[in-house]
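Listed below are the structures to be examined.
Next come two complexes built around chain A: one with chain B, the other with chain C.
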Partner chain A sequence: MKILVISLLRLGDILLATSVLRSLRRANPKSEIHILINGQFQSVAQMIPFVDKVYAFDRDGIQRIIGATDRNLLEAYFRIEDLVEQMQSEKYDQVVNLTHNRLSGWLTALIGCGDTRGVVFGSNGKLTAGSGWFDYLNDFIEPGSGNVFHFVDVFHYGAGLQNSDRRIELYETQNGIEFARQTLSNSMLQKRILIQPCTSETKKTLNPQKWREIGTTIAQSEPGVSVYVLGSPSEKNIIDQICSSTPLLPVICDLEQAYSLLNNCNLLVTCDTSIKHLATATKIKILEISIGSSEYKKTGAYIQGAVILQGLVPCAPCNHRGPCTQSSHLCSEKISSEMVAMVCGAMMRQDEGALRMLAHEYQEDIALLRTHINFSGDWAAVPLGQEFSAKAINSWVDRVSFKLYLQKEHEKSIGEYGSEGIELKKLLENIFPDRSSQDWVTELKSLERDVIWFESRVESFLSKLKGLLGEFHDVSRLQQYMEELEIFCLEARRSKLFESYGRQLFLSLQDTNQNSGAFQTVKKLRERLSHAHQRARIELKLIHGLQTGFTEAL
Partner chain B sequence: MDLEFLKCKDNQWVPIVNGTLLHSTVDPYKEARDLIDLEWDRISTVQTLIVFGIGGGYHIEEILSRKSLNIVVVEAEKDLAQAMAEKKPELFKKIEVLSGFPPAQIYLESKIISALSSSYAILLHPASMRVSSYYYNAVSQVLNQRTLVRLRELSQGNPNLNRFLKSLNISEDQILTLPMVEEAMARQGSGFDREGLIWMTMRELVV
Partner chain C sequence: MSAQQEELKQFLQGALADLNKLSDHIREMQDYSEKAELILCLRELVQEQIEVPKSENSSHSAYATR
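Up next is the complex of A and B:
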């Protein structure tokens, strides 16, 4: 069996994709696995296990040819054709496209394979995702959109992989091992903290002065610890600026050397960087500072026990495109060097109580979260010190209901409601450890009432839709129906509990607006409303399960 | 054309055209190495390399010492090409040299058509460009024109692409742009075959 995995975004995305490569290898031990990545990241290939062949897409080169008027346009055409011909000759049995964009959709179509997972264009020029999970990715692509699943989990479910062990594994190179040995041999101190300050976008990191303060405060508050500041050769000036006249130790290295350093240090402090994803393949503790357009829910450190610190401002997370739109970098201003140093100290001492205390103390400025991976392998960032509310509870119930729906548990004779429900209960108790069973029962009853009300509203819209069948000649009736549904969607989107439903129904309304045929419109609406109805029913089942669990404890 | 050869210190010959030295007389090999180092990433992955300027051949020898590439040399000065063929016959066995062609005809040469039908890059020999900049710029323009008629001619070695370009209902003298191809495909409504998919992939790369 020959499988191709496509990952045509950035380095961090390739590292996340390695988790899928590992799972594919485990599910198909005798298979040949190839990967298609952007040519500029080809050097990382030597660190990726489970891959038999790497194909490079020279995106930058082709883009330059297309953009330059003094280059022949056909040169770009032939470059793509050459690559495609090579890949077609491989005759893949399965293609897994983990890149959620149109470019990869066209390329996947060109490679041509009967079994394709992920976005692909059909011969009619229409994009299909192949799995509800990839549609889910599309529906929740906007920054800050709900309590969503991590990309690694979505990739696994979307690719039809069932394993719960989804860790990221990488090779350590001899070059890296030797570099780490030499770099760390100068330090007499046994404990080491790595700071990696630079990111691909400036709005995703703190300014050099703040990093300098953070590093110095950590060095002062953690005697007996060496603090290294890590950067690539192109970041040398910033690293030197941060370290000059401080006890901080600059380290300039490449990716494989950085990986070996991470393997030999105790704690990494970084933002949303590829180094963070590298670190998840080691045993180092990770403190991720999530600011700007970083979306920890989708791309946080995919490992059990990492800590995420997010600056709380209404504009975060912002859109990837464009610079920060505020008068100053508000999300980074919420993060102080003392706060970061205290979190580092608590992590080094493995003092969970201190972390929770810090989360409460700074709850107006930051959210402090701990990453958790449950029995079925699903990653979550669990807030420490979150306020107990129906909204907070429901965001987790909503997430699990999505998973059960997308996994089509409602179509199975015995769905996995019980085991998912138990995991959900454990997760909720972890988030709100001090709540009594009575508190839970009261809150869940109120939540149940709301979900029943919502379900009945969706049901009534479904029945009205049935009434419209055969009445297509009366355009005004369908128009009136759609106006009512739009108002309902807006209400749902603004509500505390049903925002994700509102978003999905709203998207279907947008879709249908582009379709002119009444039949197609009704069909699409029915599909989406049934989806929402089914999910609301799953949500109710989960709430009943939780109620039973907490009532038994009473 | 005024052509002479100057012997440099390693007993190597460096051509002088109209008073311009085409290579360093101190160390032409090092100079060639430096040039190719700069260009290597761009030129090493293509199927055919078109070199503007034979010079003393040092830059071409440097390329061939690194990788056995299919090389087509376009030389403005026929006399220089002939002289170099005598001085370096072994090198001339490994490459194709087109010399003395008017720029407007060069794309009709089978070697060039074959190069343009595969992946190719153009390497400029800086000193040759200084001597005959008018000629090379004209050749470059001819090779890179993007009118539909020119692209069709250039795609003659690729029947599927040629057929695809013919199927687009676009005026032949128009400069082809990617959005234009997309619009034409949508207008034709003929579905997305392999060639159409490649054009759509290119379309996505337009920033």
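Up next is the complex of A and C:
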């Protein structure tokens, strides 16, 4: 069996994709696994286990041709054609496209394979995702759209992989091992903290002066700890600016060397960087500062026990495209050097109580979260010090119900409600450790009432839709129905509890608005409303399970 | 914007307009042959070049080259 994985985004995305490569190898031990990545990242291939062949898409070269007025676009066309021909000759049995864009959809179509997972254009020119999980990714791709699943989990479920061990594993190279040995030789007996300040987009990081303050404060508050500031050759000027006249130690290195350094240090402080993903393949503790367009829920450190610190501002997370739109970088202003140093100290001492106290103390400015991977392998960032409310409880119930729905558990005779429900109860008790069983029963009762109300509203829209089936000649009835549904969607989106439903229903209205036929409109609406209805029923089952659990404890 | 950048922008917008016409024709004719799909790939890359070059779909990364 020959399998191709396509990852045509950036380095961090390739590192996340390695988790899927590992799972594919475990599920198909005798298979041949290939990967298609952007050519400029080819050097990372030697660190990736489980891959038999790497194909490079010369995106830089092609973009150079496109961006030169004196060159013919056909040159770019033929470059793509050459690559496609090579890949067609491989005759893949399965193609897993982890790149959610149109270009990769066309490339997947061109490579040609009967079994594709992820976006691909069909012979009718229509884009399909091949799995409800990839459809989910499409619905919730925009920043702040309420996405709740990590890319690694979506990729696994979307590719039909069921294993719960989804960790990222990489090879260490001799070049890296030697570099780390030499660089760290002066701090053999000391603890070591690494700071990776630079990110691919400036709005995703703090300014150099703040990094300088953070590094210096950590060095002062953690005596006996060596603090290294990491950067690539192109980042040397910024690294020097941060470290000059401070106890901070600059390190300029490549990716392999950075990986070996991470393997030999105790704590990494960084933002949304490829180094963060690299670190998840080591045992180093990770503090991730999530600001700007960083969306920790999608791309947070995929490892148990990392800490995420997020600046709380209404505009975050912002869009990747374009610079920060605020008068100043508000999300970074919420983060102080003292706060970061104290979190680092608590992490170094493994003091969970201190972390919770810091979360409470700074709750106006930041959210402090701890990453968690449950028994099914699903990743979540769990807030330390979240306020106890029906909304907070529901955000977790909603997440589990979404997963069960996307996994089609409701279609199976024996679903995973029981074990997922038990796991959910444990998670909730971990987030709200001080609540009595009575508190839980009261909040769950209130939540149950709201979900029953919502479910009945969706049910009524579904039955009204049935009535419209024989009335296609009366356009005004369908129009009126659509208007009523739009109002309901808006209510749901604004509500504390049903935002995710509102978003999906709203998207279906947008879809149908672009679709002229009344029959198609009704069909699509019915499909989406049925989804919402089924999910609400799953949510109710989970709430009933939780109620039983907490009532028994009374 | 420099004169050179302006010239490039106009050149790319012209190329994209031509590719859009071809794409529309492909859609109308429902001709999704290999050549057609290659043109649609090229269209995506030209559009990407016009939009923000360092968007999420681009490939910028500091550690890319050793």
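Throughout what follows, the second predicted complex is superposed on the first by the 551 of 554 C-alpha atoms of A that agree within 3 Å, B and C clash if a C-alpha of one lies under 4 Å from a C-alpha of the other, contacts with A are read in each partner's own complex, and residues count from 1 in each chain.
Here is the rule we go by: contacts are C-beta pairs under 8 Å (C-beta built on N, C-alpha and C of every residue); 3 or more make two chains touch, one makes a residue touch a chain.
What you see is a predicted model, and the numbers here were worked out from it, not measured in a lab.
Trainee: Please tell me, clash or fit, for chain B and chain C sharing chain A in the overlay.
Mentor: Aligned through their shared chain, the two binders clash on chain A.
Trainee: Let me test your reading of the model: by the given contact rule, A:Leu384 touches which partner, first (chain B), second (chain C), both or neither?
Mentor: neither
Trainee: With the two structures laid over each other on chain A, which partner does A:Asn72 touch: chain B (first), chain C (second), both, or neither?
Mentor: First partner only.
Trainee: Counting residues of chain A in contact, which comes out ahead: chain B or chain C?
Mentor: Looking at chain A, the partner in contact with more of its residues is C.
Trainee: In the superposed arrangement, which partner chain does A:Asp82 touch: chain B (first), chain C (second), both, or neither?
Mentor: Only chain B; A:Asp82 stays clear of chain C.
Trainee: For A:Leu206 in the superposed arrangement: first (chain B), second (chain C), both or neither?
Mentor: In the superposed model, A:Leu206 contacts neither chain B nor chain C.
Trainee: Touching A:Leu529, do we find chain B (first), chain C (second), both, or neither?
Mentor: neither
Trainee: Applying the touch criterion given at the start, work out whether A:Val269 contacts chain B, chain C, both or neither, answering first, second, both or neither.
Mentor: neither
Trainee: Tell me which partner A:Gly61 touches in the superposition: chain B (first), chain C (second), both or neither.
Mentor: first
Trainee: Based on the superposed arrangement, let me know which partner A:Ala341 touches: chain B (first), chain C (second), both, or neither?
Mentor: After superposition on chain A, A:Ala341 lies in contact with neither partner.
Trainee: Touch test for A:Asn124: chain B only (first), chain C only (second), both, or neither?
Mentor: Both partners.
Trainee: Across the two complexes, find the residues of chain A that touch chain B and also touch chain C.
Mentor: Dual-contact residues (chain A): 59, 62-63, 66-67, 69, 73, 76-77, 80-81, 84, 101-103, 106-107, 109-110, 121, 123-125.
Trainee: Chain B touches which residues of chain A in the complex?
Mentor: 58-59, 61-63, 66-67, 69-82, 84, 101-103, 106-107, 109-110, 121-125
Trainee: Can you tell me which positions in chain C touch chain A when the two form their complex?
Mentor: These residues of chain C touch chain A: 7-8, 11-12, 15, 26-27, 30, 32, 34, 37-42, 44-46, 48-49, 51-52, 54-66.
Trainee: Inside the complex, what are the residues of chain B that reach chain A?
Mentor: Going through chain B, the ones touching chain A are 42, 45, 47, 116-121, 140-141, 143-144, 146, 151, 154-155, 158, 161, 176, 178, 186, 191-194, 197-202, 204-207.
Trainee: Which part of chain A faces chain C closely enough to touch in the complex?
Mentor: 8-12, 38, 40-41, 43, 59-60, 62-63, 66-67, 69, 73, 76-77, 80-81, 84, 101-103, 106-107, 109-110, 121, 123-125, 198, 200-201, 231-232, 234-235, 254-255, 258, 274-275, 320-322
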